[in-house]
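For reference, the structures are reproduced in the following blocks.
Each of the next two complexes has subunit A plus one more chain, namely subunit B in the first and subunit C in the second.
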Partner chain A sequence: MTVSNGTPYSEALSAYQASAARPLKPAGDDTQTLLEQYHPDYRADTLDTIKVGPNSGDRCHRQLAELLQADARIDEADLAGAPVVKTDVLVIGGGGAGCAAALVARQAGAEVILATKLRLGDSNTVMAEGGIQASIEKSDTPQMHFDDTLKAGHFNAERELVAAMVKDGPDVIRWLIQQGMQFDLDEFGDLLTRRAGGTSANRVCYYRDYTGLEMMRVLREAVQNSDIDVWDYSPAVELLANESGHCAGAVLSNLKNCSYVQVVAKTVIIATGGIGRMHLNGFPTSNHFGATGDGLILAYRLGAKLRELDSFQYHPTGLAWPQHLAGSLITEGVRSAGTWLLNGHGERFIDELLPRDVVAAAILRECAEGRGITIEDGVCGVWLDTPGLELRNPGILQQRFPKLLNLGKKAGIDPSRSPLLIYPTLHYQNGGVVIDANGATTVPGLYCVGEASGGIHGKNRIMGNALLEIISFGRRAGEHAAAQRHNKGHKQVGLEHLSRLRRELTISGMPMERKSPMLFPDCAKFDDDADYDGLRRHRRNKVTQE
Partner chain B sequence: MSQLNQVLLHESNRVGADLEAWFAAAGGQGLAKALAAPEAIIPLIREAGLRGLGGSGFPTYKKWGFVAAQSNSKEKYLICNGNEDEPGTFKDRILLQQAPHQVIEGATITALACGINHIIFYINPDQQKSIEAMREAVSQWQASEQIAAIEKVLGKTIEYRVLPSSGHYIGGEETAAIESVEGKFPFPRGKPPFPAESGVHGCPTLINNMETLSNVPHILRNGAEWFQGLGLGASTGTKIYCLTGDVLYPGAYELPMGTPLSTLINDYGGGMLLDKKLKAVFTGGPSNTLLTPKDLDVPLDYESVRERQSSLGTGAMIVISEGTGIVKRVSEYVSFFAHSSCGQCPPCKTGTHYAALLLSKIDTGQGSRADLDALENLCTILPGAGRCHMLDGALKVMESSLYHFRHEYEQALVL
Partner chain C sequence: MSAENQQLVNVVIDGKAIQAPPSLSVIQALWHAGYPRVKGVGCLEGVCGSCRVLVRREGQEKVGMELGCQTLVEEGMQVLFLVFPNPTHHHYELGEIKNSWDVQAEFHRIFPEANSCRHCGGCYSACPKNINVELGVKLAGEGRFREAGELFVECIMCNLCMTGCPEAIAPNHVGLFARRVTAYFHARPSNLIHRLELLRKGELEVDCNSPGSQPDNAAN
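Coming up: the complex of A and B.
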């Protein structure tokens, strides 16, 4: 992004004073103009038209287009000697959505393998801080939740999916409590709720400011206490197709002993999460190490349609400084509790509770127009006025936002005394694989849930809907997929779809050197011996020599 | 693609189930000549050198001659074999859907030549579109004026019937097709008696592939010399090659009989995918000996391919490149045969099953040397042990892969 020099950090810090009242600066542009001018999704120079596959003709970010139109990492020869394991349901991804799907599928009687690239729970679910939406308050209804979700998504969401999700809401909370999850309660033991940006009622249930972490804790325990087969360090490198082109399993790469395993399954549930580690437009990200969009790529190759590929969420409040923590998320809960955003001149420039894309665009505008706070070349941001919040609600940080205080400790800044420098961070992929209310994609046998799926959030997601989505659709897909275990088996299972891909790529003149899925971010450092691809080559050479 | 040498798949013939359009495209002229001189048909076919294009390459006139010579039965049957179910073959469905009248006219001329009065279009039930197109086309014929003329020359009433087969691969075998038409499970019969003497309900029966029959109207119309001129070298006519696998443009290509394999792959298939090296070609079935890169120059006609110890078969060419596991492919094909075995001959029933088991064991990295030895053993003791040729086909592909790519099998073993 273009950044013009704003107020220097030290100058802004010494001028800063926590204050009880600050008038909101009148809005200059209307929101649409603001978005078009400053939201990264709208930068035409970063977009590319997709030429190959079911979304041909759609436009999306160049980095994503490159991965969608890249060659596969493996060839049929790589499967020679690869053991075949059979199961009913294969869940790819060990985050909240994957665990929920696996638990429900197992409970329904299916044999389940859950494969995850890193370890169970290494996911963006644990990054979710703000909470989970469910219309449980007396003053609230699923209809209002539905309206809020559609409106915040600029009416691009699929109504059927949103309706399914908001209706599931209260039951999802009940299910989570049954699994053992804790929520913040009032003195009578009722669930506390707060309001999310862009919504019309108090609807977010939460536990401190690490709701996702608490959710993952119980889901992980539940999975480990069940007889679901959990495969750690086993990223999926390709899906398998049967003779009719239906999904028939996946090829997993076992990172521990560097070998491939073919898992032949009646149904596959992709729950691989988002794409933050692609660092679109050079933005920092709040996502975990493994969020490289693998599921999108794999599903696309098998012929699944994707949607809203040009729409990503940049969370307004990512930490901008210190550098080693850049991109770390500060929960929206801080803003919904009443924290202000201030520019370099100490002015409130936007209503903090507008939808995330608008707030993020407003921050980018302040930085671009020289009203930000500059700390060194290229690092710019605005204040998150936490001392002001503490002044108006003494003790609130300690009580409600322990994770924020912990982040401050790591950064060497005390949020109750000094404001935090923040800048939008790449947070969420709004679109994804097209699914129906059962989580089924357009490819028979293939399901997709969680952040990798699309259609639920339209072009912008509101706080708390992500955690609701993963459980709601995770359970739906788990149940539906488990019911398919009685289908007759696949006649022939293989990688035939890759020939089609390679033909289309060659005919469209795409470079064949690029390989996808990405599996690990570009910044990943491996020891020489453990270099992911290098090790495979090494091993292959050794075999040939023998 | 140049249409110069296209006959069956020529644009003008692909009119679908529309009899008027077919007549407008010079259809019916062959039939008119046949009606004028039915006794001249077999000599003409002989001169043209038409052969069975379903896989055998047997001279068509001989087969017809046997049936025509049967004078002791008034009822004679023609089974137009469209059961195609083998991996990599997809020519019949194109002919049936896009040029159904071509097949019907060819079958009618054949009936006139041999005195046949029951024509059965025997079609794989998985090809619902082909069946619909044929039903529509047949009803158009039955309503047309041609029927009266045909029956007059034939001297009997003629029956056209579209019959979905049972969908078993083995149902494409000649005698199995006869069983199927009689309403039974398609168990191949022992020979003799040959179908020409005793086929459907004990009557003389002729079985021809859809592609063979489709050629007949054109030979009648344009003459034997024209047909001879279509082929390259000593071969005559054209062949529809079904090109699949690791090439850029897979598809059905109608080319002069005798077109070299390299021309098919490079000029029509657009070359190997990703410019990889050719590893092997599974031909027509895939129940034949593999072709390898040294066979790239082979002209694709029946004799030349046979000289390389393989067979053209249905014309299916499954091309695989370096980077494809031979064991995996062979394992897939053999388990296809194991699945397809009708089970009446124990060597085939247990042999294909056991071979498939051993192959998949080796392919998935659990095979031992004893398994490989057992596999080789099967290749020597089983051939010829089945009534039909299915078992032999399965063994042939296994044996030749063992011959050419033994190192791949060895590599996959757990020593």
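Coming up: the complex of A and C.
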């Protein structure tokens, strides 16, 4: 944010005092006006219309459109000499969705290869703090969960998918416990629940503020102790198609020995996660290093339809300061426990438990209208009033938010004594690949689960539905994909779809210099990394660097 | 202070002499100096365990193990990334343990080295999360799995304690085993079980066109 007319940090900090009661400032704008004026999704200058592929004519974020309409990294010539490995199910992605899909497919009797760009478990799942939604409380029903999800997503979600997910909720928790995952329980051993912003009942199950870490380490251990063949450091660079255009596997780049491998599979499950590391609109991100939207690109090239490509979630509470931690997430659990947001004048300016897009837009409004708190280089934000929470609930930070205290330690700020400067951070891709209730895409043989898929959250996601989605649809896709293993094999497998892509790109006058998928953020200079000559050699028009 | 106008510090990372602002982590410093870095980078928030580094600070002989995304660069610091994988050699499936009375015996079958701890402190001093790893292994050996598991709440499975253990105990996997059996055998939340029962009986159907999911009715 390049706004200088706020309250300077030091001034705001010395004026700050934790207080037991603060009235909420009456809302000036209605939520729709607030979103249209301040939410980044509504900024017309960042949207583009897609010209090539199944979503031609749709609105899409410009940076994503560029990658969707870029040239492939490889062509047929690169496959000469690339070994062929056969399997029933190929899972691409080693986060929670990929692990759940792989475990269930293997359990069902399929041979499974799980390929991941980095290491197994390096994912956004491991960073999820808030928890996982499942309607289990007496005061709650799956119907209320359904209604809340639809409403938070501005009624853009696919009803059939949401219904499937909310009904899966309780069984997903049971399945996770059976994998060995712990949840916070009360004195009688019942699951504790907390409330997510924009919802009507306590529905979020959690383990401290480490829900994702606990889930991921358990699933990783379960996968490593199974007969699933795990290939780490093996990003998918292209999907393979058979003679009918069905998905028939993928070309993986082995980063260890710098070579390509063709995995020919009866079915492929894409579970590659989100796009935060594209840094849309220049926002910081809470996402994992590998969150570069690869799965969207691969699926799109093979003809899979995408949806809500103009809708992203900016989590309200990313740390704005200090710089080396900018974008780091502070869980919504902190707000749902009762923490307030305060502007530079010490006022509460929004109901903190409204849906995330509304709260984020309100923070952007405060900063834009000069009621933010500013620190050097145009960094602006608002207070997360953690000392106020501690004052009203002594000991709560230590008890329930150890990860937040650790973040404070790294930042050199004690959240129980000093408020934290926060600013929205790019957090989640609301849309993605169109799927059905089995996780199947519009391309036969291709499945997509987790953040890479679309339709479940509409245009805004509520806390805890992401962890539920990855397990719910991961299991569904794993089971359905495994059942296809008895299909007869593919006659011919190749990259014919790339010829079509290049023809269309040329006809539409798209630049052919850009390659996708992105694989790694620009800052890592992956394409120049001498350790990984395998991919560099195939990069066209590359400026040689010595 | 911005990265641009800070006093730079000199560090050596993987043999490369680098100048970087002290507000950057080891990984950020490497990127800041223009070097590629892909391997050993993960969540950048200290919870995935990818970016294990050996660190020696100026004037110190001790070489410590830390996380590259969590360690800020300091003048004279030397850093080496540990990107080698070290998978555990233990193999088990929870489903193989048929009875919760057998867990301790099964534990010693799966982790036979766990009793050979020499109390050298290698695991403890290697842990970037300051977990009392050694005590955790001892408690697990005594069958006190719930207590042992509690010690490993913050474990990110970086495997540094495995690297530090001369008896190849794989202490983090011991800790995770302790946590998993606790959930697998003892977590039986009655509110969850009751809800599953209602769902099984078909008493909680979802109406896809419910009044509460219509734009007109749902306005607050």
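In the analysis below, the second predicted complex is superposed on the first by the 523 of 546 C-alpha atoms of A that agree within 3 Å, B and C clash if a C-alpha of one lies under 4 Å from a C-alpha of the other, contacts with A are read in each partner's own complex, and residues count from 1 in each chain.
Criterion: a residue touches a chain if its C-beta (ideal position, glycine included) is under 8 Å from a C-beta of that chain, and two chains touch if they have at least 3 such contacts.
Predicted, not measured: the structure shown is a model, and the values here were computed from it.
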>> One more residue to check, A:Ala82. First (subunit B), second (subunit C), both or neither?
In response: first
>> Under the stated touch criterion, which partner chain does A:Met144 make contact with: subunit B (first), subunit C (second), both, or neither?
In response: second
>> Looking at A:Asn225 after the superposition, I want to know if it touches subunit B, subunit C, both of them or none. Which is it: first, second, both, neither?
In response: second
> When the two structures are laid over each other on chain A, which of subunit B and subunit C touches more residues of subunit A?
Replying inline: C
> In the superposed arrangement, does A:Gly439 touch subunit B (first), subunit C (second), both or neither?
Replying inline: neither
> Just subunit B (first), just subunit C (second), both, or neither: which does A:Arg159 touch?
Replying inline: second
> Following superposition on chain A, which residues of subunit A contact subunit B and also contact subunit C?
Replying inline: none
> In the complex of these two chains, what residues of subunit C are touching subunit A?
Replying inline: 1-3, 23-25, 28, 31, 34-39, 41-48, 50, 70, 72, 85, 87-88, 91-94, 149, 153-157, 173, 176, 179-184, 187-192, 194-196, 199, 204-210, 212-215, 218
> Where on subunit A does subunit C make contact in their complex?
Replying inline: 118-119, 121-124, 126-127, 134-138, 141-144, 146-147, 150-151, 155, 159-160, 163, 166-167, 170-171, 173-174, 177-183, 185, 188-191, 208, 210, 212-214, 217-218, 220-221, 224-226, 232-233, 255, 288-290, 322-324, 328-329, 376-377, 402-403, 406, 410, 520, 523-526, 528-532
> Given the complex with subunit B, which residues does subunit A contribute to the contact?
Replying inline: 71, 75-77, 79-84, 262, 491-492, 494, 499, 502-503, 506-507, 512, 543
>> Help me check something: in the complex, which residues belonging to subunit B touch subunit A?
In response: 245-246, 248-250, 273-274, 322-325, 327-328, 332, 336, 339, 363-366, 408, 411-412
